[in-house]
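Before anything else, here is the set of structures, which you'll find just below.
Two complexes are shown next, each including chain A; its partner changes from chain B in the first to chain C in the second.
After this line comes the complex of A and B, so read on.
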């Protein structure tokens, strides 16, 4: 995607949402909302042990809290994720459990509790078909659960390999390949070798152009052939794979480093997300949100990535999570240690 | 000149049988003491080392035995459940129970130096955690290795 010089993208602040009583760790958009007249919905989770569900009013376009999911987790809720069908919400907590919620009869009910991690669960992610749920935590393990009929979840595999706290897990958007990133500075990629036999097929280490400090988050582009990772080492890195090879049954295609963007952040980058129209948003410890995009620079090496916008003091404190909305509305949600969530509109 | 039978010049015989140097013991004092100290330390160490090794072996053997026995007990109960009601556990859980059973049987109890031990133990631990997660139970005993949930600090990132 390209932009013209002078037509710098702008992030307009739409609304600041208050309600949580502690830092907001993460937000997750309900993927089936935001188009065909269905108002946008997202969930946020917090150190106040609750999850809030927010909805945009179709007429006024303002956001309100529709529901507070409480009295279930006994400690911070660190991460939340909607299932691809939009009917279930998974939450990961420092109380070492993950919960699955369903909207039943006008109310959100906790329909399953997944136990197994030895301590704080840091992240939760659904695969593209919604059949698998992955969790990870401070006990250095990654768990894969299968979603079965009757709100049953069965543990498929407990994956060990990371040497430290695992910060995030994310399934690939098109394939059942799992990615995890950790305090051990690596990104690990896990695939199944038939019949519940999951193992690590690749580790992106410092030696292979990987990060030199904690990797906090990762995200994929819409096509699924590129991935961006962000780290405590103040850089974001782009990786790519031959996704056609993998989808056509050619077996696992390794991920290779494309480029490193350094010098743009001077504090830890906690969150990164890639929009469907090619904007990479980052949220960092300097309270700022930055946007990166590819722009043709006239050189033979084709498009290159550069920072196209920087919103200083987007929040009063660390920005923990940035997430682009589904659909075409170009809305960005950000969550912060300051206890608020902000909605932004991208215009360029 | 007459050569002696051995062909050695009489004068160099002194190199084969040097006269004792009266200053030797004084000059070699340090070396002698070092050797003596070493020998003392070695024989003392042999005794205390063996005792310490015995205690470490007992402790480690006990801990491993306890863990293996615990898994054996769990697997036996689960197998009984499967016999009584084959549909109670899913296929996946049953398969894992069987795999644990097999691992327990192959564990080289009488060969503590076997390189595979740590792999088998790790495999057992992972399968045990997966089964417990699937059937929704929390099983442990005091002293169960790897219990990292004891700390209750309220902060984490």
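After this line comes the complex of A and C, so read on.
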């Protein structure tokens, strides 16, 4: 991405969405919306135990809440994720269950409840094909579930290895390689061997340039050869892999530390997301949203990444989640402890 | 709750005399402008919290002192450093949770709150500090009815003798 002097990127606030009665933990965009005339849709989940589905009006471009998914989870809904086909929404709750919702006959219906974690489930993620779902939680484990016909989900693996609760799971955008980050300060990478067995193939620790406190989130660039992680240690880190080796070598190639961006954040960084055109957004406990992008010095080593924008007081309280919309519209959604979701348009 | 007390014989200190807060503003200050939140105000919110295992307040046990409170009203920041009565106090997390909950309920939502154990005063200082400042863990703890009951008991307004 080229970044030119005099063209500072700006985030324009489009709308503030109210409706949740408690902190909003997470937002997830429906990946098949926002192009071919399909209006953008995203889901949000909250400490109020509900999930809300929001849709943009094609004419007025304003956002309204279309659905409130309630009376399934009995505690905080910590995270949500749309399946790649956009037809199913998975949710993870502190009530120790995950749920899968499907849009049936004009309504979202809970079609499956996934039980197995001992206590709080903190994150849920679909793989690229939608055949596998991963969950993680306070019980230090990561579970992989296979989606079967008839809305059945079967646990195919329980992965132990983290020493503390697991904050987030994310599948690689095009390979069946799973990433998890934890309160134990590490990121673990899990891959399948030939016999349907999943193993930890790499651990990114403080000893190999990893984080020195809780790793809250991770995200990939569009090509899938770079990853960004964010932490309570007030840094974000960029990692990269050899994607060619990854595609040819059984699905896994080692990830190496590229650079650490420190000195930009003053409080915990809860969320990080990489846009398709190269902007890394962070959401943090100092109520601000920051954007990072590569400079124009032509080096492709990631070391040229710099902060290109800081939106102070983006929210009245902590920013828990930042997510770029799919498609070309360059909209960022942010969710906060103040109970609101904001939509921002990126202009530069 | 616990069959054996962690610290059976805590040292009990005298309570500080309560100062009357400056109720008459200086003449040159607009009487409608709000007074900034200061150290004493934070201390007043916390001093009467009951110790989880003794009929004494955190002030009487010197778990909390006014000096251990840092406040920066203009930047909406509060940091409370508390000193458990014994090094292995398993109640440290509960005390920290009580402090956080009391401040969350008393202060405007704009405030950022850090709760820490006094350096060197606890065997698992780092672990307790990390847990008390992980908002996801705090949120989960506050959905646990047993923990909430314990916290509410320590914060009960009836305890102000």
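Basically, the second predicted complex is superposed on the first by the 339 of 348 C-alpha atoms of A that agree within 3 Å, B and C clash if a C-alpha of one lies under 4 Å from a C-alpha of the other, contacts with A are read in each partner's own complex, and residues count from 1 in each chain.
One rule holds in what follows: a contact is a pair of C-beta atoms (placed from the backbone, for glycine too) under 8 Å apart; a residue touches a chain by one contact, two chains touch by 3 or more.
It should be emphasised that the depicted structure is a prediction, and the values quoted were computed from it without experimental measurement.
When both complexes are overlaid on chain A, the residue A:285 reaches chain C alone and has no touch with chain B.
Touch criterion not met for A:223: it reaches neither chain B nor chain C. By the document's definition of touching, neither partner reaches A:109: not chain B, not chain C.
When the shared chain is aligned, no partner comes close enough to touch A:70: not chain B, not chain C.
In the superposed pair of complexes, A:13 makes contact with neither chain B nor chain C. Using the contact criterion defined above for the overlaid structures, shared-chain residue A:57 touches neither chain B nor chain C, since it reaches no partner.
In the superposition on chain A, A:338 contacts chain C only, with no contact to chain B.
Contact with both chain B and chain C is seen for A:94 once the two complexes are overlaid on the shared chain.
Looking at the shared chain after the overlay, A:118 reaches chain B, while chain C stays out of its contact range.
With the contact threshold set out at the top, residues 75-76, 94, 119-120, 138 of chain A are in contact with chain B in one structure and with chain C in the other. Interface of chain C with chain A (complex): residues 109-110, 112, 130, 134-137, 139-140, 143. Considering their complex, residues 75-76, 94, 96, 114-116, 118-120, 138-139, 143, 145-146, 148, 154-158, 160, 196 of chain A touch chain B. Against chain C, the residues of chain A that register as touching in their complex are 23, 47, 75-76, 78, 94, 119-120, 122, 138, 165, 167, 183, 213-214, 232, 267-268, 285-286, 316-318, 337-338. The part of chain B that touches chain A in the complex is made up of residues 90, 92-93, 95, 122, 126, 129-134, 136, 138, 146-149, 151, 154, 156.
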